[in-house]
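We just call them A, B, C, D, E and F in the order they show up, numbering each chain from 1.
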Amino acid sequence: MEITERKLLTIVAESVLEPRLIEVVDKMGAVGYTITDARGSGSRGARSAGWTHNGNIRFEVICTGEIADRIAAHLREHYYANYAMVLFITDVGVMRPDKF
Amino acid sequence: MEITERKLLTIVAESVLEPRLIEVVDKMGAVGYTITDARGSGSRGARSAGWTHNGNIRFEVICTGEIADRIAAHLREHYYANYAMVLFITDVGVMRPDKF
Amino acid sequence: MEITERKLLTIVAESVLEPRLIEVVDKMGAVGYTITDARGSGSRGARSAGWTHNGNIRFEVICTGEIADRIAAHLREHYYANYAMVLFITDVGVMRPDKF
Amino acid sequence: MDPVIWFFLLGVLAGLMRSDLRMPKAVYELLSMVLLLTIGLKGGVELAQQPVGGLVVQVLAVASIGLVIPLAVFSAIRALSSAPRADAASLAAHYGSVSVATYAVGVSFLATRNVPVDAQLPLFLVVLEVPAIMVGIVLAKGAAARSNWGGVMHEVFLGKSIVLLIGGLLIGWLSGPEGIEPLEPLFFDLFKGVLALFLLEMGLIAANQASGLKRRATLVILTAILTPVPAAMLGIGVGHVIGLNVGGMTLLGVLAGSASYIAAPAAMRIAVPDANPSLSLSASLGITFPFNIFIGVPLYYGAAQWLAGAGA
Amino acid sequence: MDPVIWFFLLGVLAGLMRSDLRMPKAVYELLSMVLLLTIGLKGGVELAQQPVGGLVVQVLAVASIGLVIPLAVFSAIRALSSAPRADAASLAAHYGSVSVATYAVGVSFLATRNVPVDAQLPLFLVVLEVPAIMVGIVLAKGAAARSNWGGVMHEVFLGKSIVLLIGGLLIGWLSGPEGIEPLEPLFFDLFKGVLALFLLEMGLIAANQASGLKRRATLVILTAILTPVPAAMLGIGVGHVIGLNVGGMTLLGVLAGSASYIAAPAAMRIAVPDANPSLSLSASLGITFPFNIFIGVPLYYGAAQWLAGAGA
Amino acid sequence: MDPVIWFFLLGVLAGLMRSDLRMPKAVYELLSMVLLLTIGLKGGVELAQQPVGGLVVQVLAVASIGLVIPLAVFSAIRALSSAPRADAASLAAHYGSVSVATYAVGVSFLATRNVPVDAQLPLFLVVLEVPAIMVGIVLAKGAAARSNWGGVMHEVFLGKSIVLLIGGLLIGWLSGPEGIEPLEPLFFDLFKGVLALFLLEMGLIAANQASGLKRRATLVILTAILTPVPAAMLGIGVGHVIGLNVGGMTLLGVLAGSASYIAAPAAMRIAVPDANPSLSLSASLGITFPFNIFIGVPLYYGAAQWLAGAGA
């Protein structure tokens, strides 16, 4: 089976950002995303999933390295200063490279 | 600590496929799986987690490269054409290689 | 964009361990974690998310390789024998290495 | 207008204006569980009080509605459009099966008007849920297809709605009116309130489905608008023949005219994966459901009254 | 004491002692949905029965409270502390907007004492929710800022609470008292029980917020304790001027003295991201909310009685 | 038969036939929260009305049941089987502690028969929950073990069920019958309906546990069947000695004969991790719980009647 390399960009951020992240990802040229609800803790303290506006989401995008860079740069510029957010990039293999 | 390489196969698919995926993974020789509920968007449009039959699941299997290939091939043949599904493979290190 | 390598340690374990894992990760020097609710199956049988004390959590920590090793060693020593638990390590790239 | 209908409208408006109003999945499931048990319990209690003779014949007659409608819908779509076999079969299954929410709105409509209803209607709801789904699968693949027939049947017969409806029927029947009394505050008194919340969510979903309607819009719209009335008339007619009262005829009409949006989609997705699921859902949820609760229910009631009067 | 208040205390204690008691998010959302619809429906039914004259003037007077309070809070904080502009503006928005849970406790308090309340109060609740949020945003950024004004307005006006309150008002108004009757078991009879469960969760959250209070604690505590009473007095005074009865004056005082913990935080997080969200939440949820339900509500009632007596 | 029991059977059947019927975790938690508060509130109101003398002595007597049962179960298992120390201790803790759902079924059973129950029973429920868990931990590890004793105690004493039961008791006691009245529609009128839904889920879980029973099946089955009756008789006897009425004796028997499936498993999992959790859960949920609600409750009632008659 032919496996092509792509990047998996994972963003953990406060859930209030969900619509913004969807917009950004779309604008930067990615064709899809996957979201799960999460809770956690980091430099901005603990964030529990229990209460409406206080949880995190775990936002994943499979895309080319170039798009991943663009999304990461945009988020760094616009969101890092004021929002709870963590971002990391993993190498993944996909079967339908044209899809991402 | 000794770390052995394995593959992490992640499948994002419509939640109605959950029992089928469990069957497939089992039949192909993997010994476990982990599922989280998810929502997302891709070539088949947006899928929200809210309503019963319309969400996604995020299905993970740690296994050998060989089993990962077998599962991926099976899914491609039987499900890609008609179902919302995305699949990617990551290299991971595990501590108990006999377990996977 | 400058990307630095870190380790992503993912632990899938029975949800009753959540407070213990938070303690361990904290004590070993990691500065954050992300948790999602999960279900799954492994050598200790199926674990469904439905019923209170019977689900799994998926616990992620981004940290240096050294801290990842320490956490993994601690968990192996104290939890592997008696608890449903799986642990794997992935290489990830992060943008703010001082954060992890 | 029955106030529960306003809740549906509220949901539709909130959905169309893209409000962040959303009902958690767990709440949706609680509400639907209570609705299904309520319908079952009520039917069971009534069956316990007034045993119905000739039930077997009635059940067979009702089941035949579930065979005739999907065959008719399938033939019509295939004759008049270029829709692929799988999509036509899936639409047929949806319209042959039934919608519990539409039924509940019908019950609420008749209760407001104090129209008595035959005890066996909840049973007919169960009877009508399944056959059309089987017909749809056969239409899509042929009866001999290598399809996982057992798995699909298991899914359909042991689906949540059948289990709760039959379970409620049996519990109501075994317990009788006095036995069920302590359960009434939850299952009977809250019925309309629960239905109102449920319809709010249905409105949100319907807005979503209707606005997602793009591919094959003509097919979807025509099927969704042209099917309910003739199907309901068939139901009312059969109800008349098997001797139902006006309320019973109305509800059998509602059942026949309604389209499934839970059991049928789930079964079709597995058994007929090449059918486009959003076609059937847009039709049944986005168009037929609102059509029925606003126009259908009063219309079918009028028709049942007329037929009962004409027959008298 | 109204027993629902004990549930709040139970939640606070459980939270402070770090019990594992937790309310699932879905349950919290169900309870808040029911509370909002209840308040709306009740108001709508009452408006249908006793149409209110001069409503436009009243609404304008009430809306002006939502402009005055945030301007006053902002000026005071900026004059007396070194808090950054964004934080002052955010606190101003929270205290100018309203808390539905505090309002519900006020309703429950008056109901226990059989004090009648003017029909238009739920409408005033809606009217007061939004303006202060806009004022807060303008204070933080200036009116001309390049901020995504449309998006924020959409979020505020189509937020869950506004949609359910207005929806409930309209449905209640359209259905009238008889129409709404079948919905009463869920929306009216369960009101206090639902409020009790809701306050249990509020207690858990408040304990969390209060114990999370670290940065700028003086600012937070002073704002949270000094704002409610004068704001409430303004509300009571305006209520007197526009001719409300004692119950109405009390509830308008409660609204003015309460601080938002749903609409304002969500809007500020997006529109004024450099404000520290935990400052405003600790103040409104951790301090002002308990202050109001224990001390504020009876105090405002007393003041309204006194003012009504003095005016007579 | 009490109709709520049918819901348990429905759940068991649906589970065994592998239906897709499932109750969301959030709904399960809502139902259990309401049940716990209902039991607490009811007890508190009754204690407020008829203060109970000699409560301290009664509490000590009841607590001693929670010490005797686990010691007896542990000794018997160790003497008669080869089960490891940890598993025996865990089973002992489960059977010494109590099941709220079984208690609720007992309450429902007695209510149907209009049998009065002493006011202090909900208090005894709280009293019996904890001691056996501590005994189990000591049996497994010795009292001096380096175990995280503080953490476990915190978890047990501040677990959800204790907090809600005690909270309910206090609120009921502080508010008294009139104060609690507005809460009755939710907490008292819906009791049986809530219990019915809860038992439906219990049935689904029990089916799962029973069918998961593989390892050490003989030990599990024998413990699960042989423990309840003698334990219940001890409870009934103690109830007689401390002067409870027939209803009180019955419920103390139900408590003693029931096995924990929430507090004990959670505590054991942390404090005695080498015990196999599925042994105790299969026994308590899969076998003892159904045994008690079908056979135990009526049997214990009969025994209490007989003893009360014999003593008279």
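Going forward, a contact is a pair of C-beta atoms (placed from the backbone, for glycine too) under 8 Å apart; a residue touches a chain by one contact, two chains touch by 3 or more.
All values reported here derive from a predicted model rather than from experimental measurement.
K.L.:
Kindly list the shared contact partners of subunit C and subunit F, in label order.
P.N.:
none
K.L.:
With chain centres defined as mean CA positions, report which chain is farthest from subunit D.
P.N.:
That would be chain C.
K.L.:
Provide the C-alpha centroid distance between subunit C and subunit D, rounded to the nearest whole angstrom.
P.N.:
About 46 Å, centre to centre.
K.L.:
Just curious, how far off is subunit F from subunit E if you go by their C-alpha centres, in Å?
P.N.:
41
K.L.:
Taking each chain's centre as the mean position of its Cα atoms, how many Å separate subunit A from subunit E?
P.N.:
Distance between chain centres: 35 Å.
K.L.:
At which residue positions does subunit D touch at least two other chains?
P.N.:
22-27, 29-30, 185
K.L.:
Name the residues of subunit A that each touch 2 or more other chains.
P.N.:
36-37, 90-91
K.L.:
For this structure, give each pair of chains that are touching.
P.N.:
Applying the touch criterion to every chain pair yields A-B, A-C, A-E, B-C, B-D, C-F, D-E, D-F, E-F.
K.L.:
Which positions of subunit A touch subunit B when the two form their complex?
P.N.:
The contact residues of subunit A facing subunit B are 1, 3, 6, 8, 22, 31-37, 62, 90-96, 99.
K.L.:
Tell me, which parts of subunit E touch subunit F in their complex?
P.N.:
Interface residues on the subunit E side: 1, 3-4, 6-7, 10, 13-14, 17-27, 30, 108, 111-112, 185, 189-194, 196-197.
K.L.:
Which part of subunit F faces subunit E closely enough to touch in the complex?
P.N.:
Interface residues on subunit F, with respect to subunit E: 24-27, 29-30, 33-34, 154-155, 158-160, 163-164, 167, 170-171, 174-175, 179-180, 182-187.
K.L.:
Could you list, by residue number, the parts of subunit A that touch subunit E in their complex?
P.N.:
These residues of subunit A touch subunit E: 14, 16, 20, 45, 49-53, 55, 79, 81-83.
K.L.:
Subunit A touches which residues of subunit B in the complex?
P.N.:
Those residues of subunit B that touch subunit A are 10, 12, 36-43, 56, 58, 69, 72-73, 76, 80, 86-91.
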